[in-house]
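Notes follow once the structure below has been shown.
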Amino acid sequence: MSPLLTVDRVSKRFPLKATLIDKLTAGLGNRRAGGTVHAVTDVTFEVARGEVLGMVGESGCGKSTLGRIVSGIYAPTEGTVRLDGEPVARGRDDHVDKLTTRVQMIHQDPFASLNPRMKVGETISEGPRIHRLVPASDVRARTRALLEQVGLEGAYADRFPHQFSGGQRQRIAIARALAMQPDLLVLDEAVASLDVSIQAQVLNLFLDLRRDLGLTALFISHDLSVVRHVCDRVAIMYLGRIVELSPAEQLYAAPKHPYTQALFASVPTLGTGRRAFRPIEGEIPSPIDPPPGCAFHPRCPFAGPRCRAEVPRLTASGPGRTVACHLNDGGVGLKEAA
Amino acid sequence: MNAALDVQGLTTRFDTRAGTVTAVNDVSFSVEPGRIMGLVGESGSGKSVTGFSILGLIEEPGRITDGRVLVEGTDLRAMPPGQLRSMRGRKVSMVFQDPMMTLNPVLRIGDQMSMAVRVHERMNKRQALARSRDALAKVGIPSPEERLSAYPHQLSGGMRQRVAIAIALLHRPAVIIADEPTTALDVSIQGQILAEVRRLADETRTAIVWVTHDLAVVSSLADDICVMYAGRIVERGTAEDVIARPRHPYTRGLLDSVPGQHAPGTHLPQIPGSTPQLSRLPSGCPFRNRCPRATEVCTTEPPVARFGGHTALCHHPLEAA
Amino acid sequence: MSDVATTTGETLAVPSAAPIETRATRLRNFWADFRRSWVAVGALIVIVALLAVSFGAPLVAPQNPYDMASLDWMDAFLTPGETGTGGYVHILGTDNAGRDMLSAIFYGLRTSFTIGVSAGALALAIGICVGLTAAYFGGRVESLLMRIVDLQLSMPAILLALVLVAMLGQGVVQIILALVVAQYAYFARTTHGAATVERGKDYIEAARSTPLPTRRVLFRHLLPNVLPPLIVVATVQVASAIALEATLSFLGVGLPLTEPSLGSLISNGFKYIHSDRYWLSIYPGLFLMVTVVAINLVGDQVRTVLDPRRSR
């Protein structure tokens, strides 16, 4: 069966708008001048129908940009995003025409993602109404049904967003996305801003909807334990690239990329008790001028000369697993150094 | 051992349109030197207001109505405002979620740090700068000399938070109140800071109150934990006891709902409902209408607990192991 | 609390969302906050009273100053309180043509309000369109539009209005047009500022990624959220439009005396100020001042109430 979503060699670069002052100070080492943010670089993956793919990484790794490219909000600088073979959006840079209603996105902050001056019923129903996904006479009933499906009362349709708690608002945002009868949901840190107990409720809702509607989803998150709980496969991103892509179970059992390993080691978890952390050394490099070769090499304990010169490619490492690390692909070049 | 911080019956109220609400309700706990107390709660539980109340940083329409805040035996609440101000930053300091609450964006790091030094101690600029550099080195900032001449915007979020912590440490305070200081940071950076904070607490013997919503963070960082719900401390004990053997049904529910300990794809145990509004708390126990163990008595009698050891503010606490 | 069956089959207690706030209660809250300033409430009462007497002028004014037939030169320069040939007391006296000053002021206020409000409304509409377009589309469109706006803002409004009136000629419509051109830039700048902030918010992105048509995103999503600061600017701009019109009329390029506005009344009376006939210019001037100050006071309080930084 062909995959639902195909992301092929996608890159996204944002030119930094250089102001007059930036241009004048360019000689003084101001990096903003004429710089480019390499948000996403050469990313390729597929999502099968009915699959939930997790996209994990720290801030600035490009996971949110990637989510927006898949959602048709940004156009990729290079590469293609196709849903059932059809492009998701058309355009370049600022001017993007989204071509499909079949991909819908759920944002992180439910306090920002709902129009504060629009009743939630209208927020949910305007998309299907304008795209004539439901007959006009059914719009109200359908809105009520959607609210009930996400665990709210149908009568809430006449209220404004500020009358709801964060968890309830996130349910409304989910209802808005479901109203478009999407084939693919993009969830961008959809539970990150919720309290733990509310987060559990929303995750359960997501699991139920997945079971009932056979949802396919791109689940973007920085939270490793949340991703483990809901995703079938997981992609780990670092500085714009996918460094490891693997079925969730195997990944959590034995992470292969040094970054993935370090990430897992630095996450505090319940029940391990007081212990010494093994944090990753150093800072995340700037995506304005990423390090040459493997972006992780300045922080990697295994880095060798080859890592500083050559960008590692994603290569197979076990069934369904790929890793972008020279350790997995002929060594880091210690011999050449010697 | 004498407590560095001893909070007794702290109560803070806010006047709102819906009436007066008690955001911090009879909160008592103490922290000994070198220990880290995790003050855990969900949004609206009053954990941050507790932190601000300890420092007396409550503004209209809020007011601290009751309680004592003893820092090394002296009551901050009984002090005149001028004296209290001189205690802040010297004996008790605060680290905020957003380091820019502490940092002045238009001053170089070195300038603002040496100013902070000289507010409380007489010394010349050069000595103050040296002191600042040492403080930066102590929180694990590489090449601290260079950072002194940097502006805050030239540093990453994690670095800024380290600088804020360094400023909090300048006068070797007895107590640091840290309000969600790593919430906005990436996990790898958070890990680095947690490791530094643990080391600093052990080395400097500073007592730290770590206010957070993140159970995993406190479980690996704190010595003791207070769990807050609807303005009250509902459970108190050592980190190990509270995490491994919670006694309050709320703590239990909270711990259970953390994903990662359950089989993937299965339903997470969830606490029904959401945090109640402080202006419309149910009678009796504020948790009772979300509680699986609630009985008749919970609707009528507010639970009372004599804290000491591992205790829960509950009529029907879970068995202590 | 209401129990709702979720898809999970469990019951989930969902609190019936905070104190229920509808449009009506929001308005009530707004009024409760507004009422806190007695000065503002007083100013609002003054404005309402002035609106009533000006638009009700044909009913309350003793004389119709437009009707040349009702004027009697015998009544010229009556001092305040004298009784004229009409058999009624001229409370504020009469002018050189025997116009009852009180009536002239009421009618003049009506003209001033009409001009101020319509110029304000038109400028608001144009400013919104310019500001929203610039903020939403960005890039070159934004640069071009906002540079024009900035250029205009750097010139005094009165200068621009003078030049325009000189070009367009006298008359109510011409004055309104001149004021609109002179003032839309303030609205455009404010709209642009607010819209630039709102444009970056997730709800706009969500609307675009549904996708919804651009027009709908602009007018149903962006516009309602940039309105509050505009309401404040609008009140202040109405006051300044009234003052601008009075200035133009005073300088003799605004409205002729046959269509009295406050400005032309002051201008007319100014000629006689040295012959002790102070009432010809002082009273219209007082009314102008009170009107402008009252509107500004109300605008200030609205700004205070709507200020998002005022948390509660």
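So that you can tell them apart, the chains are marked A, B and C in the order they are listed, and the count of residues begins at 1 in each.
Definition applied: a residue touches a chain if its C-beta (ideal position, glycine included) is under 8 Å from a C-beta of that chain, and two chains touch if they have at least 3 such contacts.
Nothing here was measured: the structure is a model prediction, and the numbers come from that model.
Undergrad: Tell me which chain's centre, taken as the mean of its C-alpha atoms, is farthest from chain A.
TA: Between chain A and the rest, the longest centre separation is with C.
Undergrad: State the pair of chains with the top count of C-beta pairs in contact.
TA: So the chains sharing the most C-beta contacts are A-B.
Undergrad: Calculate how many whole Å lie between the centre of chain A and the centre of chain B, each centre taken as the average of the chain's C-alpha atoms.
TA: 31
Undergrad: Let me have the rounded angstrom distance from the C-alpha centre of chain A over to the C-alpha centre of chain C, please.
TA: Distance between chain centres, rounded to whole Å: 48 Å.
Undergrad: Express in whole angstrom the distance between the two chain centres, defined as the mean CA positions of chain B and chain C.
TA: The answer is 50 Å.
Undergrad: Among all residues of chain B, which ones touch two or more of the remaining chains?
TA: If we look for residues of chain B contacting two or more partner chains, we find 267, 274.
Undergrad: Tell me, which residues of chain C touch at least two other chains?
TA: 8, 12, 14-15, 18
Undergrad: Please set out, as single numbers or ranges, the residues of chain A touching at least two other chains.
TA: 165, 168, 201, 204
Undergrad: Which bits of chain B are touching chain A when the two form their complex?
TA: Interface residues on the chain B side: 42-43, 156, 158-159, 186-192, 194-195, 198, 213-217, 219-223, 239-240, 243-244, 253-255, 257-262, 264-271, 274-275.
Undergrad: In the complex formed with chain A, which residues of chain C make contact?
TA: The contact residues of chain C facing chain A are 2, 4-8, 12, 14-15, 17-18, 20-21, 138-139, 201-203, 205-213, 216, 220-221, 224-225.
Undergrad: Applying the document's contact rule, which stretches of chain A touch chain B when the two form their complex?
TA: 58-59, 165-168, 195-201, 203-204, 207, 222, 224-226, 228-231, 248-249, 262-263, 266-280, 283-284
Undergrad: Per the contact definition, I'd like the list of chain A residues that touch chain C in the complex.
TA: 68, 71-73, 94, 97-98, 101, 104-105, 107-109, 112-118, 126-127, 130, 148-153, 156, 159-160, 162-165, 168, 173, 176, 180, 201, 204-205, 208-209, 212
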